[in-house]
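Labels A, B, C, D and E are assigned to the chains in the order they are written; within every chain, residues are numbered from 1.
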Amino acid sequence: MFVLFSVMIIVFSILTVTTRKILRAATYLLLVLVSTSGLYFMLNYQFMAAVQLTLYAGGIVVLIIFSILLTSHISQKFEPVGIKKTIFSGLAAIAGAILSIVTILDYQFSANTEAAKEVDMKLIGRSLLSVDYDGYVLPFEVISILLLAAMIAAIIVAKKGGPSNTKTPTYN
Amino acid sequence: MDILTLFVVIPVLTMTAILFVRDIKHVRVAAAIGMGIQLILAAVLVFSYLAARKAGASDEMLFVRDYLWFKNPNIHYAIGVDGISVAMISLTSIVVFAGIFASWEVEFLTKEFFVSLILLATGVFGFFISIDLFTMFLFYELAVIPMYLLIGIWGSGPKEYSAMKLTLMLMGGSALILAGLLGIYFNSAPDGGQFTFNILEISKITIPISAQRLFFPLTFVGFGVLGALFPFHTWSPDGHASAPTAVSMLHAGVLMKLGGYGAFRVAIFLMPEAAAELSWIFIILTATSVVYGAFGAIVQKDLKYINAYSSVSHCGLVLFAILMMNQTALNGAVIQMISHGLMTALFFALIGMIYGRTHTRMISEMGGLMKVIPFLSVCYVIAGLASLGLPGLSGFVAEMTIFVGAFQHTDVFHRVVTIVAVSSIVITAVYILRVVAILLLGPTTDEHHEHLTDAKWFEKVSVVTLIGSVAGIGLAPYWLSTMIGTSMQPVVEKILSVNPF
Amino acid sequence: MINFGYTIWILLLPFLMFLLLGLAGHKLKPKLSGLLGTAGLGIITVLSYITAYKYFFTSEKVDGAYQKIIALNGVWLQLTENLHIDIGILLDPISVMMLIVVTTVSFMVHIYSIGYMHGEKGFERFFAFLSLFSFSMLGLVVATNIFQMYIFWELVGVSSYLLIGFYYTKPSAVRASKKAFIVTRFADMGFLIGILILSFNTKTFDFISLTSLTGPAITQTGGAAFMGLSVLTWSMIFVYMGGVGKSAMFPFHIWLPDAMEGPTPVSALIHAATMVVAGVYLVARMFPIYSLAAPDALNVVAYVGAFSSLLAAVIACTQTDIKRVLAFSTMSQIGYMMLALGVSGYGGHDGLGYMASMFHLFTHAMFKALLFLGAGAIIHAVHSNHMTEMGGLRKYLPITHATFLIACLTIAGIPPLSGFFSKDEILTAALHHNKLLFAVEYAVAGLTAFYMFRLYFSIFWGKETHYHHTPHEAPALMTIPLIILAIGSVFAGFIPFSKLVTSDGMPFESHIEMSVAVPSVLIGLIGIGIAFIMYRKETAIPDRLAAAFKYSYKWSYNKFYVDEAYIFITKNIIFRYISTPIAWFDRHIIDGTMNSIAFVAQLVSFRIRGFQSGQLQKYGFVFVTGAISLAILLIYLWK
Amino acid sequence: MSPDKFLIMRHELLLTAVVLVVLIAEVFSHPDKKGKIITLSVICFGIITALGFLPSAEGEIFGGMYVSSGSRLMMKNILNIGVMLVFLQSVDWLRKAENSDKISEYFILLISTLIGMNFMISSGHFLMFYIGLELATIPIAALAAFDKYRNNSAEAGIKLILISALSSGILLYGLSMIYGTLGTFYFKEIAVSFSNSNLQILGFIYFFTGMAFKISIVPFHLWTADVYEGAPINITAYLSVISKGAAVFIFIIVLFTVFPVIIATWQKAIYLTSILTMTIGNLFAIRQQNLKRFLAFSSISQAGYILLGFIGGNQLGMASVIYYILVYIFSNLGAFGVVLAISNASGKENIDDYNGLYHTNPKLSLIMMLALFSLAGIPPVAGYFGKFFLFTAAAEKGFYPLVIIAVLNTIISLYYYLLIVKAMFLLKNESPIEKFKSSMYTRFALGLCVAGIVVTGFASALFEFIRNLSFGI
Amino acid sequence: MITGVPVQYFLILATLMFFAGVYGFLTRRNLITMLMATELILNSVNINFMAFNRYLYPQKMEGMFFSLFVIAVAASEAAVAIAIIINIYRRFATINVEDVNQMKF
């Protein structure tokens, strides 16, 4: 199962960043995110898997697809990326990956000996609203400000306005 | 308020007064009054200093005040003077006073001009009264920066270029100084205890030799840039040539002395071991600049360039003497600073006045001015004679003290370079007389110059003040030399204690 | 002990006069300022004579020797613990004698100048400068220490500069003054170096300690040797270099002929009687050291003197400018004095040369001043310097003629005029010391007689020249000094110098040695005779001779091209090969380096602008590679 | 947890309150009277800036997630002052017709980023840190794209948000490694159990690059110039001063308290990057013509100098960094204030346009000159003291070569600052910028800047105060 | 925790995904695909957090919560980014990143 998901993730990740059709890229991204949520299920984090599916796969990808629809031809194929750019970026990415993997494998992770905590919704809820150690009410509140601000920001930027002499946008 | 702080406060008040004055004529009057008070104050300081010494005050510095400013790093506003700084302060007040009168007719942005000029002076005064390295450095930079505007706005020729070059090179020097000062600070308590910027306290300890080896060159070169140390002198010809009269006066007369004073007070005094070890490099450089500057001056065509190169030569002699590190040579260095300050200010004042009349500084375009503007010409000759070390004028006293002092070294190296430096007196005579001959003597070459008017009253004030001082020192050097000499003793003792020649 | 405190006025008065005339002179009437200056000098002259009288005849002698008396002394500048420059007044035989010489000649010249300079622009300036010169020269003479001497040495140099360049609108005068100053300055550098070495070794500037027989200079003759000569010898040679410059000895003589551009009274005062003998005075002042501790240096003095006197005499024979002839004559005579010092020993009769030198200095001052003042009167009358434009003047200028003749006879060494006595002593001293030098001086004596009478005959006899204005005798203000000086020239020879001015202060007996005197007088007469033949009437002999010895004549006429050599050195070497390259180097290399720093910064800035391409992905690329490189560096390479 | 403990978060609470007030005002105000919101917001903000200086309890709440201490309060106050100045300066800009429809959004977004910064500074936990960081970034991207009718503005916005997304991704990746080795996000716990393993260092370096991006340290700085140039000027000012200042504050806190174990590593990193930052920033600044871009590169090189305060890991460094940021706020906002005022009045932003400015607008020129001198570190203005202390801090630990490189770099920076001075004072102009008079707000703001530039340096008490706070992180 | 699968596998997976994202960020020309690449990056980080939490520190839920918040932040980031992209599209009539380079040097 893990192997399946991981292969999916890796393959679709790479496809996301290499495919020449934008909508396909979005679809691959969606598949990556869904597979990731599958991993979360396997790790016994049902809540997170659900969040991943709804918020990430459901929310963000939909947002992206909308914007694609707003700004691009569906059938539009990208021009192939310049060879130089590909090579250099690829080298950078590969170098980074090798560095990170080597360093990770170098490290002796101490095996977990203690009993795992049962992650149920109740616990999550309690933690999320706890003001004590290992409680997350403060970030929870702050992220609400962030979401509010992001909302306002998105609206103010995306809404039409300003002086009328702006070029009329063309949607297609 | 103590008398030393007044030296900073009065210029500040003068600047404020200038800012609030409406009429341009009143601006210069305000400036003149302010700097006049400063001059009187300097005289008072000299007398009270001498009186205090006579009364038996044997401290290294007198009128010391010390106010804690920043606790950590241990920065104080600490002031105090010894004979050397008193002398330098007097020099500054004379030159500034003369400078105000020399720039009496500045028409363009008058207010700003005088404010910048006095700001510059403030920095210089502050520098000389400080005994805390931080405040000293602060005033040092304060003195450098107004130069940019003064040259850039009121200058002539390629003024933007010159101003920029001058400012950047001097700030480059001060950058090295800053690093040096920090090094000194963090080595000022080798046995533990609190670090200090206070010169007097640092002088009591010995900075580790390894640190000295690093920081002595930094500070010495840093101050040397301002003191026109070869090969860092190239800001000087361009800067002086482009600067307006009073600025050249102040700059060559006073500001360049900050370099010598700093090199002496900081580099040599605080780090004598490294100085003794490394001095040979700088002695070669300074001896070079003495001769080199003089030779360079011979073929110049622009009056200010001649004087700029001459300043390189003379200031090189200051640094040269400082590096000789014995009582007499150091004495000579200080006297040379004062002497050169006065006479070069005189030179620049006169050049400015001549330029104001003939609208050229090319010596080839002038000639026979003695006949048309005798007062200025005679003064120019006097300045020239002072510059070539005529007895009875200050240059002689300074140079002889330096040469005799430098010659007290027993080894061949020091004596050979001394003889090299001595040769400059001939070269100096060559270029001075060349200028005098072409510029002033002979028939008047340009018919437009035949109707020039001689000095106006304010110009006379400026010039006479300076000539009086030059001649005063030249005729009766004893009190000055003694005043400096007594203050030099602790310095020399410190040097000798680590470095018996 | 006699109180000589008043002698301070000998120094102060001319200085005050200088200040007065210099600062306020243009407000006074010219006449008044001239009178003031002259009066001031008159007082000084009187004071000097009083001093001389007191010193020679009333002061105490110790063991029969004249003592050096410090009339006044004060520290002017403290240099090191031991070394301090004092300003003071030292009275000893030579300084007192010099006081007489200087004040007398100066006084005469002052009087003369009132007439000579009458109506000139800058009359008061002239007197101011004269006062300055008198002050400096007197200060030099009475110096108590070598540094004081150096100070006044420089001051006489500058007064000479100012006076030579008195006609500052005349380019040749300006050039001459500049040349004089720079050449002597160069020599002074040697003097200064000599002082530095000497004072370093002896730890004193003071003449009394320096020349004391038990002083450090004489007792510690050791010290590191350099090129076979001791340090002390070197220092004395350097000191002598100053004397060579000031006294216009070879090779620093080139300034003296040009210095004749100055007003003639100046030439009389400075470039004949007083300042140019400062070099002789300097050697005399330091004589014990030269004689006892640095005989090699003394030899240098002798040979330089001899060579200069010969050279100058040869040149003088061909010059046509009367002042230049006199100038070379001066040089030649000073060479005599130098030689006399050089061949002298120390103490008693051995010091004959020393005495003779001083004696000759004294007489020379009289007759040479007389010659110059006479020349001035001639020039005043005919408005020309060139003897080719003169002739037959004896009718128009009787007094001048008479005095000039006396002077010429004096210098030619015809007894019983003073020149005879002093020259005779010199020759005697040379004979005892060095035959070669003696021979040279004999030749010079003949040449001297020849060229002086060549001059004399060309001016006062020779061809009848037509003048634009009929020349007329100078006013009394000018002739009186001539007469006084002529009297001096005649009778000065009878002063018993060996009783008064000797190397160690002890009087000794000197007498005329006939074996020397007779030939010398004969040689003088021969010279006069040749001149008489050649120049008494306008003849073709001189031209024929000149044609016969074409090259030597040409060389002599062009002063052996020493000037040209100097010009080559200064113009080509210093200007073209040192200064110009240095100026270029400074502008282009050093300054160029500083500028190129700025340029490089600009260039680099331009070159790296590609990083800021505006391409977001390139930014990302740099970001990622930056992060990865930093990680690799810090984790694996430089941990 | 008793309710009064919430007061420890006074700054954040007050700011949130202001956001709410503005929101409510926006909702209930008449469309024609939106201009009033400006005054309201500025006054409100002024009040809370003042309130910020009231003494406050220190301590930790939310189980150590939120930490308050004297120095952190000081940092917040400094930021408040800066934002106050930005607000005052932007009044003229907001009053323009083209901006009338987004006044309240401007204030809301800006204040919410400030809230983010405050939380970031007060964080005791990487989650809070991260959220604060994002809150401080995302709305700014929108603000950078605020001038919707200008291409540059949009470009600035997209560049900022994308590169910041990349950078926060890398930062998170680093954090995940640190979490993986230590199992905690609490600063205190990390500091205790941090060792020196490669993975941890790798994590730290990824974290470092994320922070370096915020402070615009070379080579993570490339976005800076484009974003600064494209964004509206007051946003640029905000970015260069407040945003950078906050990042510097939290970075130094994190370095000193969370990663003291690997001080050797981050000293090396800072050594290298600070040299690069100073030099590259300066070299680029030399050639700039657009003043905003110019100031962007200048602020990059300033970041390089600030790193000198980091490198010693000493108390003096901490103090001098905080002090320098204060000075920097006054100086840079002084410069930006003038640029903004002139841009509002004439639309000119190029250095050439400033030729001869002194003759028409002497006061603005003088303010500009003071500000530039302060940035260049010329006495007697505050920048000199700031720089001196930074250098002192580095020298205290013996980093003399670095100090020398830094001081030599100040020469280059002096060169280009003088270029502006030259333009304003020395050069002549055919058509100079007309004489104009700014609004009271702008003049007040500039006056404050000048006062700050002049007084901050001499007032040693201020530095002493900061210094005494500093190690109570 | 999945038996037989060590934590390193997750880490390698995440790393590959991360650098795939980086690669995408550096090469994709379309602004929206660049945004997608950043989502990949964030997602990979989330995998790391989750895996660490589950495997090594299951007593607490810090990693999980961190991922939760990262997702929220990513959402808001995406929202603002997309808004700006739309604006870009209006201004430049393209969303090709290479054309968005008015400001440079």
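Here, a residue touches a chain if its C-beta (ideal position, glycine included) is under 8 Å from a C-beta of that chain, and two chains touch if they have at least 3 such contacts.
The shown structure was predicted, so the numbers you read here are calculated from the model rather than taken from an experiment.
Chemist: Tell me which chains count as touching both subunit C and subunit E.
Modeler: Of all the chains present, those in contact with both subunit C and subunit E are A, D.
Chemist: Fewest touch steps from subunit D to subunit E?
Modeler: 1
Chemist: Average the C-alpha coordinates of each chain, average all protein C-alpha coordinates together, and give the chain whose average is closest to the overall one.
Modeler: So the chain sitting closest to the middle is B.
Chemist: By CA centroid distance, what chain is farthest from subunit B?
Modeler: For subunit B, the chain whose C-alpha mean is farthest off is A.
Chemist: Between which chains do we find the greatest number of C-beta pairs in contact?
Modeler: A-E
Chemist: Of the other chains, whose C-alpha centre is the longest way from the centre of subunit E?
Modeler: So the chain farthest away from subunit E turns out to be C.
Chemist: For subunit A and subunit C, let me know how many angstrom lie between their CA-based centres, rounded off.
Modeler: Using C-alpha averages as centres, the distance is 101 Å.
Chemist: Nearest whole angstrom, what separates the Cα centre of subunit C from the Cα centre of subunit D?
Modeler: 77
Chemist: Quick one: subunit B and subunit D, Cα centre-to-centre, how many Å?
Modeler: Using C-alpha averages as centres, the distance is 42 Å.
Chemist: Could you put a whole-Å number on the gap between the CA centroids of subunit A and subunit B?
Modeler: 69
Chemist: Which residue numbers or ranges of subunit E touch two or more of the other chains?
Modeler: Residues 11, 18, 21-22, 25-27, 29, 34-35, 56-57, 60, 62, 65, 69, 73, 76-77, 80, 83-85, 87, 90-91, 100-105.
Chemist: Any chance you could list the residues of subunit D touching two or more other chains?
Modeler: Those would be 127, 131, 134, 138-139, 141-142, 145, 148, 157-159, 162, 166, 170, 173, 177, 180, 198, 202, 225-226, 287, 415.
Chemist: Hey, what residues on subunit B touch two or more of the other chains?
Modeler: In subunit B, 168 touch at least two other chains.
Chemist: I'd like to see which chains touch which, written out pair by pair.
Modeler: Chains touch in the following pairs: A-C, A-D, A-E, B-C, B-D, C-D, C-E, D-E.
Chemist: For a test of understanding, state which residues of subunit E touch subunit C in their complex under the given definition.
Modeler: Contacts found on subunit E: 22, 25-27, 29, 34, 97-98, 100-105.
Chemist: Note which residues of subunit C are touching subunit A in the complex, please.
Modeler: Per the stated touch rule, the residues are 617, 621, 624-625, 627-628, 631-632, 635.
Chemist: Can you list the subunit D residues touching subunit A in their complex?
Modeler: 1, 16, 19, 61-66, 97-98, 101-102, 105, 108-109, 112-113, 115-116, 119, 127-128, 131-132, 134-135, 138-139, 141-143, 145-149, 157, 173, 177, 180-181, 197-199, 202
Chemist: Any idea which subunit C residues touch subunit E in the complex?
Modeler: 609, 612-617, 620-621, 624
Chemist: In the complex of these two chains, what residues of subunit E are touching subunit D?
Modeler: Residues 11, 14, 18, 21-22, 25, 31, 34-35, 38, 41-42, 44-45, 48-49, 52, 56-57, 60, 62-63, 65-66, 69-70, 73, 76-77, 80-81, 83-85, 87-88, 90-92, 100-105.
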